[in-house]
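Before we start, here is the structure in question, set down as structure tokens.
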């Protein structure tokens, strides 16, 4: 697996350039702020369009699910050199996420030759845990 | 629970007006096309921003997770009169979703006094199943 | 995949003989009662050891998780000729399961060349839904 | 919530006495070996009946799911004084679990007034991670 490895995968500028090739990532405004082997940290600035409920100002669960999937997958990039297709995703919602930058950490739980599992924690601007989850990725795909 | 019921929850025009109060729903362009008690069908037209991988044109898993959460939650609207907070979400990805309108069906599996479970199936324009999943909702919330 | 197929996989007597080679299946007393292509139905008779809470008589969630995994995996047997390793499992608990035979149905949601997804519904003796769920199976494993 | 708290919930002997009131826990032979606030560690000795595949000697996924549910739920006991009904469960299978004592750790991710989330890691006798997962518990139930 590691023949795809490239020192650039621990360099935030390189990771951001690659991450932001994806139109949805650009729309989200997501930025990698930290990367070590097996762990990645991103920030997602607030957008008015994230809101599901205009009275309460809650962020849509789908935005939080996106962030969980994104950091779980990109945790793999720090070890395997690229993202992989998501097989399935689990997201737990802990508190409403209100206006403010989200900060999320993705960590590799276990690398496998066919499937790999990663977990993710999403915090709000005040540092409170708003969502967490895990994803399975098809790491055998060529 | 049913004191919150209102005949309007089976009327697509009324449902769309309520659904589209959410800024993220408007951004998605989602439309309810069918509603019966316990089941809702929506369509989501393509947006260039949905893409995660500009070479392959794949839709981001977070968009599909959003659609799963949305129709699972709005299936509850047809029985309980309003959406409820998502407790947790499971999404399975079956095939890459390429350019084209998504069509998704949400169904109530079980209504409970504290939490309820719904499932969702998302098809692409050719009618192929691209994702499916289920969500738990906090239906006791006042 | 279908070179492993064998007409016996739709014959309950043959399926039971194979299923019951597993010591845990024998302990559970599980029996296949119906099998069609892509769907299997089993019954699990009550055992006093299933109980988690001796005051209330509730069946342990792990027993219900076992039944979900078992019928999801054996739904694959009806199409691919054998069970496959579980990648991950999701189980939703709908009602306490009390003393009485459990009846569970497993269905293939989607067959894939690397992984496949199945779902399961578990009913109690009165026909009430006590648990449901889905599993991902590594169907590429040789 | 903490009015149900009792210093005994951090005492392994007391926890084991309570845990082993459950017939299925006795059958599993599970023992609490460590308990701190928000975290519990148990050991489950091998039983021949755990096997699903008599040729390969693999432990049934349902046994591992049981252990995930059990330690996730009993992590709550160390903070809330008692176990709670499982709402739903996610289990990831990382490696086949062969003959040998299982050691599992359950941790509270987040305590809530209605729902709480816990995670679990299960290791084999050699210290390898064989399964992990998370559960949602209905902590509002009286």
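Observations on the model:
When the chains are written out, they are named A, B, C and D in that same order, and each has its own residue count from 1.
Here is the rule we go by: a residue touches a chain if its C-beta (ideal position, glycine included) is under 8 Å from a C-beta of that chain, and two chains touch if they have at least 3 such contacts.
Everything quoted here is computed from the prediction, not taken from an experiment.
Chain pairs A-C and A-B differ in how many C-beta pairs are in contact, and the one with more is A-B.
Distances between chain centres, each the mean of the C-alpha atoms, put A farthest from subunit C. Centre-to-centre, using mean CA coordinates, subunit A is 33 Å away from subunit C. With centres taken as mean Cα positions, subunit C sits 28 Å from subunit B.
Distance between chain centres (mean CA atoms), subunit A to subunit B: 22 Å. Touching two or more other chains at once are residues 87-88, 90, 92, 117, 136 of subunit C. Residue ranges of subunit C in contact with subunit D, taken from their complex: 21-27, 48-54, 60-63, 65-67, 69-70, 85-93, 96. Those residues of subunit D whose C-beta lies close enough to touch subunit B in the complex are 87-88, 90, 114-115, 117, 136, 138, 140-141. Subunit D makes touch with subunit A in their complex at residues 90, 92, 94, 109-110, 112, 117, 129, 132, 134, 136.
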